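In the two complexes below, chain A is the common chain; its partner is chain B in one and chain C in the other.
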Partner chain A sequence: MLERLKVILAPAEDLMQSEIIHPVTRQKLELAYYLPICDEQKIHDYITVPFSKNQYPIMNLFLSNANFKRVTDPAKWNDLLLRGQALVEYQNQIFSFDALKYEYLNLPDSNFEPSIRGPQHSLSEDPIISLNIIRNSYMSPELVIDKMQIGNISQTNLYILYDQRKVNHHTLDNVKNKLSSIHIDLIHSSGELERLLNGKKYQLFPTLLVTERFDRIGRALSFGKIVLILKGSQFALILPVTFYDFMHSVEDHYESYWMTKMIVVIRYIALILTTTLPGLYIAILSYNPEIFRLQLAFTLVASRSIVPYPSFIEVIIMLVMIEMLLEASIRTPKLIGSTSTTVGGLILGTAIQQAGLVSSIMIIVTSLVAISNLVLPIHTMSLAIRFLKYPIIVAAIFFGLAGVFLGILYYITCLCSTRSFGEYYFRLRGNASSQHGDIGGTKPT
Partner chain B sequence: MMRLSLLIVYLSISIVASGCGFKDIDKRYFAVGMGIDLTDNEEKPYRITLKLGVPSIEIDAGKSKTQVEIIETSNIAEGLRLLKAQVDKEIDFGHCNVFILGENLARSNIAEAVNWMTRRRDIQKVAAIGIGRPDAESVVKVQPVIERFPGNALGLFFSNDATESSYTFIELLTDLFRRLNEKGLDPILPVVMVQKDSTYIVNRVALLDKEKISIVLEPDETQLLIQLLAYLKKANLYGGFYSPPFAIAIQTIRTKYNFQQNGPALHLNMHIKQAITFDEMPTDAYFNDPKKTINQLETAYSEAVKQLLVKIQEANVDPLGFGLRYRAKYHLHDFEQEWPDIYQSIKFDVSTTMSVHGTGLLK
Partner chain C sequence: MNRYVFYHYFIVCFTNLMLLVPYHLISDRFDGAVMAILISPIVGGILFYMLTNAINKFPGKGLPEIISMYYPTWFVRIFLVYKAMLTGFASALVVSSYTVIVTRFLNPDANPYIILMVLMLVCAYGATRSTASVNFLLEIVLIINIPGVAFVIYKTFTNPLLNWDAIHIVADHVAQAPSLVSFASASFVFTGFLNLLIFNRLLPANFKFKFRWLITLSAFFILLITFFLPIGIHGTETVSQYLYLWSATADSTRMNFGFIERMLFVFIIVLMNNAVAFTIVGWHISIEYMRGALPNNVIDPDEPEPHVYSYYVVVGIVLITLILKFLIDEMKVLQLGGYFLILRLFSEAVTTIWLFLLSRKKVRKYAKNDAA
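Then we have the complex of A and B:
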């Protein structure tokens, strides 16, 4: 049976295949099951222990216990294994034994990427529990789980998950090479791994996606992506990714069609607003005031006339303030967190405007920038985007509107030249293969 | 790393300086109207009237405050430079969407003024141009009582945001420039007049022989001409036509014409297709004999159009671009020499088809 299983099944690290030979009777028993989804204790109690004690003819147990069922059709093996059954071969007869384990009770709540209607749990720090849930939700024989160790001292287990039929093997080799070339003593979190894998030091955009959600992992696997799960970390890494993956929230598949589509559009608007708005404020106020209606121009003049400094000083004051606020609210305990935002946002904002340090329009701009940044669903991307507005501000100070658009152009160029593990990062259609003569095409190897 | 930190230091120092076009919005004066007149003084032929908006938070009827600066100068660009010495902030034309040329200037030559406008960087090419009667200064100086913020009232006349009168022709700088330079197409400019010192009236157009006024049309002729131009596809309503006892509202209009050489005479066949509704009509007149009523109206409209075309032809201007169409179809060795004679010899044949979209009544 085991020989045949090797042919049918993907070479998974978590598929337990053992051959037990009784030391006295010399009888042979073959056993196969997927480790994460089976209760090992149960298998022990019902199969291995009775077999080795040999007090009672084991064949009788198999035939009499209702938990064992005879399997005659080898085509069903696959299915049974994936459903948490252990397969036993004894005296050329094959039995299945139900040992399914579903560990959804041991999962922590999802805090980082909450969803209203989706699963409420996040990955566990125990990778076996995580793999249990993933195996249970992605019941495909093509799912491969590889295992390797990272860290010279810590020897931390790292599981590499992929759908062997859908994955791009070139990318897979690339990732495996990169992983094996990592030399580090200790590794504690997948964030560390993310940095090590990211490659370029001065990269503007994240090229792998950090998630704690099972539904996202399942979807990623079905799109042929590779998932890395590190022991002791609540977050999995998904790669390769495109820019659009970062704009997508799992909720988009659960809620009403039109509203979710609109929310996606709103996310892109928020993305544009949060990167360009402070730059545009400077450019419009100080270089090209003719863009707006005259009415707004006069309101702007009136609200700015109390401010003694040029527009960019105003912008820098407010942005530094809001960055400090955001940073402070992450670090403070949850109980005080709301107080600091209230104090900072409401009181300081009103006071700073009444004191004539910044104009009232600037308050609107600042809060819009902060809010639209939080609209982005993935934290790593929203952090990366948070930085993007500063170079644009500098460009706007010197070149006005032209500078803002130059900055946007630069970012788009950056996005186009970024590759996530050899695959296009900013490509609209995901599955297009590279053609001869493509501009910026990946090198075929 | 060293280089990066140096770069950061340089950048943070240079941030204190800024670009040279950098001028905060509160350090600018927004011109909201400009008038150019011709004076009798030969050394300083231009009188520039500049209306600067005074910003205030309150935007309400009658709260609009402006400041008017007048200067006489030898040329327009020089005049503005002199004017800068009279005000404390940078003058910005970015929001100036109405430029008024004085009638005496328009009667002599508008080319230089238009040239200056198209060249200047901060004047928008979608600014509207009009002719001020009796002069630009008196038009620009007017402070309408109900104006909400500086320069708004005149600007709204020349945009489709607010009032859409079938008598008001809107001429933008781009189009004026084209009409000035294109052979076989002559400029049209709306005439702005001041009523009771506080409101404007814009219901006439002046037809220019490239650079100077050749004829000023009456309001009803103006309306008819605007209907014929019809490239102003701003809305479906193209105004009306009055032929007692009927008043019709034209919903859509489409004008087609072509040239036809009949022996020695060149004919211009114009066909106008309209969809109309009735604004006013004697009860039952239409319902008793619709065909006859429509026929009468069609004939009346054709006749009015023909009269207008002949009047324009006699003034020897070509606002409808007949010359341009002729150039596209026939070859002339020297257009500027030959076209005037051809134009004068054209016979107009106008026909109209009206289709009634609704009578305005339920019966």
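Then we have the complex of A and C:
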């Protein structure tokens, strides 16, 4: 049976295949099961231990116990194994034994990427539990789980998951090479791994997606992406990714069609607002107030009339304040967190405007920038975007509107020239059929 | 994938319509500009068909590779340097005209040289990226911009001040034989396909060009609109008094609703995106030609890091543009632009026909091999 299994199944690290020979009777028993989705204790209790004790003829156990079923059709092996059955061969007869384990009770709640209707649990720090859930949700024989060690001292286990049929093997080799070239003593979190894999130090945008959600991992696998799970980390890494993956929340597949489409549009609007709004404020108020219609320009300038310094100082004061506020509310214990937002947001915001140090329009701009930044669904991207507004502010101080739009063009250039593990990061998909070939497809790989 | 061809065509079309071309066309409006506008799509279309047919025979190859297959190295080098200068000069003209527009309408107090430097820095950064990156950049910029361009044209078209009589009067001069400058500038609009001489490296091997007639036809309509709408807005005589005609035309349209009242600002932003994307693409092509002329060049349309040659060439281009900007004033730029357009028309037509003949030759050679 084992030889045959090797032919039909993908070479997975987590497929246990063992041949047990009884030391006394010299009888042979072959056993195969997927480690993450099977309860090993149960297999021990019902198969391995009775076999080795040999108090009761094991064939009788197989035939009498309802948990064992005879399998005659080898075509079903695959299916049975993936459904958490252990396959036993004894005296040329094959039995399946139900040892399914589904570990959903041991999972922590998802705090980082919460969803309303999706699964409420996140990955576990124990990779075996995570692999259990992934195997249970992605029941395909093509799913391959490779294992390797990272860290000279820590020897931390790293699991590489991919769909054998769909993955781009060029990318896979690339990733494996990169992983094996990593030299580090200790590794604690997938964030560290993300930095090591990213390669370029000064990259503006993340080229790996960090997630804690099973549904996202399953979807990524089905699109031929590679998932890395590190022992002791609640977060998995998905690669290669495109920019659009960062603009996408798993919830988009669960809720009503039109509303989710609209929310995606809103995310892009939020992205534009959060990067450009402070820069536009400076450029319009200090350089070209005549852009706006007269009434609007008057309103803007009138609200600024009591402020005693140029607009960019105002912007810098408020943005530094909001960054401190965000940082403070992350680092403080949850009980105090709400106090800091109240003090910072409500009291300080109102007071600074009444004192005439900052215009009320600027308060609106600041809150809009902060809110629209939080609209972005993925934390790493949201952090990357949070930084983008500062270079634009500098450009706006010196060159006005032209600076703001040149800054945006610069970012677009950066995005277009970014590659995530050799795949294009920012491009419109279009309908590139394999028959017509893709752009850049002539390149020999 | 035909959309990529479309993008290359239209970036040239949009940018030149709004910066250089209208000036030359309008100054000849009674002396054959209308005829030039009518002839140029035919000539442009024929060249387009010839070039696309030719490069279809050389899948995945740019002009440098094709030429060096047939001719000795010294000739290839001279030819490529000449082509690089021609392409680089077009972009330099665009970027310097755009600097003038920014300093005139947006930041009147700013030093134009500093504005030019910043524009060129962004363009230089973009132009040194790989061919694939430039291609995607172009796509994104055009997708952002096409609604803007359409909006500007639509608002101008529905402007109640648009005077159709003026348009009729100019259109009546259709029988005049076109002058060389007006013909050259009108046909410049139809030469966006020349970008394919480098970007063919990206196209897949079994690429089929489709909708070539549609691309030419829509460019023709855009040319008609950009020529006649300013005449309708400003009148037959006043129209020749503006250097940057479309900025003035956009400024005569008012938007009743929304934050922004003057169309000019929308126009300038749209134009900036267009001009920067045009310059990036132009300089990128120029860089690739120059690199083809330099020894030990590696051709990789999706290189992870730009080759060191790219930086050398782009620094050279930026310096030359700056020096030209110091030496030449705005009026001269427009006059020189006229001569440049004529020179470019001839040399590009010659290149295209030449490539077409080369591609025929290649087919004949293969046919012989098959027979033998």
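Here is the rule we use: the second predicted complex is superposed on the first by the 430 of 445 C-alpha atoms of A that agree within 3 Å, B and C clash if a C-alpha of one lies under 4 Å from a C-alpha of the other, contacts with A are read in each partner's own complex, and residues count from 1 in each chain.
Following the convention adopted for this analysis, a residue touches a chain if its C-beta (ideal position, glycine included) is under 8 Å from a C-beta of that chain, and two chains touch if they have at least 3 such contacts.
Bear in mind the structure is a predicted one, so any value in this text is a computation, not a measurement.
Visitor: Going by the contact rule set out at the top, does A:401 touch chain B (first), chain C (second), both, or neither?
Guide: second
Visitor: According to the stated criteria, A:272 is in contact with first (chain B), second (chain C), both, or neither; which is it?
Guide: neither
Visitor: Answer with first, second, both or neither: which of chain B and chain C does A:347 touch in the superposed model?
Guide: neither
Visitor: Would you check which partner chain A:294 touches, where first means chain B only, second means chain C only, and both and neither mean what they say?
Guide: Both partners, chain B and chain C.
Visitor: Check the contacts made with chain A and report whether chain B or chain C touches more of its residues.
Guide: On the superposition, C touches more of the residues of chain A.
Visitor: With the two complexes superposed on chain A, say which partner A:426 touches: chain B (first), chain C (second), both, or neither.
Guide: In the superposition, A:426 touches chain C alone.
Visitor: Applying the document's definition of touch, where does A:285 land relative to chain B and chain C: first, second, both, or neither?
Guide: A:285 sits against chain B, while chain C stays out of touch.
Visitor: After superposition on the shared chain, which partner residues are touched by A:412: those of chain B (first), chain C (second), both, or neither?
Guide: Touch partner of A:412: chain C, not chain B.
Visitor: I'd like to check the shared interface: which positions of chain A are touched by both chain B and chain C across the two complexes?
Guide: Chain A residues touching both partners: 287-288, 290, 294, 399-400.
Visitor: Show which residues of chain A lie in contact with chain B when the two form their complex.
Guide: Residue positions touching the partner: 284-290, 294-295, 297-305, 307, 310-312, 394, 397-400.
Visitor: Given the complex with chain A, which residues does chain B contribute to the contact?
Guide: Those residues of chain B that touch chain A are 11, 15, 18-19, 21-26, 28, 30, 32, 53, 55-57, 59, 92, 94-95, 97, 122, 124, 149-152, 155.
Visitor: In their shared complex, at which residues does chain A touch chain C?
Guide: For this pair, the touching residues of chain A are 287-288, 290-294, 296, 399-403, 405-406, 409-410, 412-413, 415-417, 419, 424, 426-428, 430, 432, 436-443.
Visitor: For the complex, give me every residue of chain C touching chain A.
Guide: Touch residues, chain C against chain A: 1, 3-4, 59-60, 102, 106-107, 110, 114-115, 118-119, 122, 125-126, 129-130, 132-137, 139-141, 143, 201-208, 258-262, 265, 269, 272-273, 276-277, 280, 300-302, 304.
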